[in-house]
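Please go over the structures that come below.
Presented sequentially are two complexes of chain A, the first with chain B as partner and the second with chain C.
Entry: the complex of A and B
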């Protein structure tokens, strides 16, 4: 699918794009020898929907001042943002296999200084939602209509600063802010239920004054309609609790706690991870091997 | 210099550093339409509230949430605004160190932090409200500029200068009233350029913040004892004025740093780094809080207790003058 195909939604095309991006995410993480695959794969439909169906952006002008912004607060999911931005044409696809390599512009955690299209450096968990609040407030002060999206992790929601920002956004009625929680119910050391139970998560956000949507985070139609509803909310910020599957689309890691970060020691292991995608694509870059 | 500034040197005689800061910031609001002021429930204590009274639409109170305070500031700066953030030094430099480092300094954002109640200026409040570590923390962040004004007049100058200085700036001020050391505001304040408050040839006191006044008082007494004491106001800790330090080493051979901060990591360490790298030897001492959590008490009493008030400086100079310095006419052979 080309970046210009934003208008017409054909489910089969989007399914195909999602499969391809999952394959590339798997390949570049394997090429790097390790990486946060689980939390990247769980966000594929969400990022495609945002960048191809919702957000007003100009890949040829990444710092266009009226653009919609995304703060990927769970910055360790960098690879899914990179494949999406490359697909949109923000930078050459040849950059993708440089993930984490010496001198790369695609570090493991997203970096506004390094990567065209990344709107805020993030990766130390808990910090991004505050930054997104600042950008949303700036848009209001600028009297602009651009929207600000922020993706936080479920495990990240253990951080106290998330709730400082939650209170702030509500108090200042930041209705141009839409947050999405990637609720795959897993964090590094186990399930969120085991490590730090978030439930009742929707009630928490409601209690903090947010409009809350609780949805399937992989369903194209539901994602699209819900994000649009969230954008339309007036007088308060909106939270979309997106129920996702960590590691989705890769049989070796799907729904496994160990998928947070994989080690890929050799070519054999790399091939196994690619096979686990259940499909093969010609890679849009040369590895120079 | 910004236009429309009506504050005067006379304000220094009756206002605290923070009061002058609040007044100057409010005046800057008229000529800086992108300026937004932010605090975390310390509008009154830090005096940033004065700006909020005049420009309520450009004033953001976060509630007691310092981590989010600096994150929101980063977001505002990323979208083209110029946030000025005030809270107590201990919260800015310690609680929110990571937000200041990553959100603001790493991305080199145009955020100005004016931190009050620094050092042991709120000594009676106890260790939770002391901050003798902020200079060390802030100067270790790449892209950060660190300024410690000597009095209210210099605070006004520093705030004005910071507005035109790109990137993050940390300005550290105290809590209460300190007698001014400057008699005019037009002494050519420049970030990174130290001020020689008094020339001298026997020993140099390099100091910052409220300690400049203490050093000046000490120098006057020492003059009566026949000693010629140079006093340097190193108001900018980073970038530090290397030339003025090396000149003092060469010309006086005896250096004492005086600061309201842990002697580890602050002004003394910064000056020491310059001296060591210059390869030029001198007798050297650092006065301040000697790598300890300060005891509780009124600031003046604590300055005396830790021997970095005028009396303590006089004592330290006396001890340092007894050190024998090897004469060396040829400095050029040292690297």
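Entry: the complex of A and C
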């Protein structure tokens, strides 16, 4: 698929793109020696759908004032945003293997100062939904019609500030705000059920005044139609609880609690992680080795 | 408007109205303390579209402000210093300073001026912890006119900033037309015998102390730092070369704030004897300002004693 937005949706092409991006995410994290792979792989279909089918953006003009915004509040998922932005043409693919290298513009956690296309810095969990509220409010005050998307983690939802932002967004009727919760049901120390049960999650968001959608976060058609429905909600913000699989598409980490952050000590381990993707792709960059 | 006879918080509110009228991107953010900050009803009623009350959620306020600033807004976020600094330290660090978003944070009722709210609200650390943050400017204006100059500067510069705001009326010490340059200390008195360095609320007390010292024939040079960061080290070093004795006076813990930057600067550039006056590493308590100044050793006579002792020991 070309870097320009696809005009027609062809499922096989999108499946292929998702597999390729998962392979590249795995490779750049292995190249960095460690990284947050699980929560990056769970978001691949969501980010592709947003950037290739939903969001109005100009990669050649990253700060275009009328663009749709994305706040990746679970900032540790940086690698999945980086491969998506590179695929869109925000910056050269040659940047990708610089992930976490000295002097990089692609740090582990997303950074608006460093990376073209990153709309908001995030990494200290719980802040991004508040930031997205500020962006959405500014859009309204500036009488712009852009949409603001915000992706939060399920573990991140333990942070009280998420719920402060939830109250604010509904009180101020921020209907230009669509949040997506990456509900892979795993956090660092265990499953969300074990560590801090979020259920009944949909009811919580409804009680906070949000329109709530509860969907499969890997299904192209459902993602596309649900995000469009969420965007169309009037008078209140919308939350999409996207049920995902942590580490999806990489057999060594898929659906495993330990997939939050992997260590890749050597080339052998690196190869094993690449093999676990189930397919090999030519990497769109050279490493300076 | 008669700013000279106004409470500082009312000056804050009326000046904010002016700034909003000059630039509609200026916003007033509050976290359920708008009456305490002076902006309810002054800003709330005059510019309701620019007034956003976030409720009792200071962390949310700071991160929302970061999002607003990211879109070109100029949010002024006020709360008591304890909530505007220590409670939101991570939000300020990441959403504001690290991301370099143009948020203006206003800590009201600094230090001993928090009086009746006592130890839970009395914060002696805000200058120190805000000063230790990269990208952050830290200001503490001493009177009504300087407050207006500082706010005007904040509204037109793209710079994450923390400002202390004393709420009460204070004696006027600066000219109505005074300018503010964060790179410059303000020399309020010239003297050859001792340098007294101060900022914000304590300036009025230091001026009284310098009057007392003058009666004894001792010339105190008074350097006021409306900007604690950036810090005009040259002015301090020049004065220390002349006097050879430096007293710092602040409405803060003596660790890390103004006394901290004075010692850092002099020990590297011009080793000089220093006495730091302020709160000696103690928490606050419910008390009058006089009680706290007396107890912690930084009232006018303490300042005089410290300056005299240092001047005579040269």
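The definition used in the following text is that the second predicted complex is superposed on the first by the 288 of 289 C-alpha atoms of A that agree within 3 Å, B and C clash if a C-alpha of one lies under 4 Å from a C-alpha of the other, contacts with A are read in each partner's own complex, and residues count from 1 in each chain.
The rule is simple: contacts are C-beta pairs under 8 Å (C-beta built on N, C-alpha and C of every residue); 3 or more make two chains touch, one makes a residue touch a chain.
In this text the structure is predicted, and so the values were computed from the model without any measurement.
With chain A as the common reference, chain B cannot sit beside chain C without a clash. In the superposition on chain A, A:137 makes contact with both chain B and chain C.
Legend: residue contacts after superposition of the two complexes on their common chain; A:269 is shown touching neither chain B nor chain C.
In the superposition on chain A, A:167 makes contact with both chain B and chain C.
When the two complexes are overlaid on their common chain A, residue A:119 makes contact with chain B and with chain C alike.
By the touch criterion defined above, A:34 lies against neither chain B nor chain C after alignment on the C-alpha atoms of chain A. When the shared chain is aligned, no partner comes close enough to touch A:261: not chain B, not chain C.
Looking at chain A, you'll find residues 71, 112-113, 119-121, 124, 126-128, 130-139, 141-142, 161, 164-165, 167-168, 171 touch chain B in one structure and chain C in the other. Within the complex, the chain C residues that touch chain A are 49, 52, 54-55, 57, 59-60, 62-73, 75, 90-91, 93-95, 98-100. Partner chain A is touched in their complex by these residues of chain B: 36, 57-58, 60, 62-63, 65, 67-68, 70-81, 98-99, 102-103, 106-108. Only residues 71, 111-113, 119-124, 126-128, 130-139, 141-142, 161, 164-165, 167-168, 171 of chain A touch chain C when the two sit together in their complex.
The residues of chain A lying in touch with chain B in their complex are 65, 71, 112-113, 119-121, 124, 126-139, 141-142, 160-161, 164-165, 167-168, 171-172.
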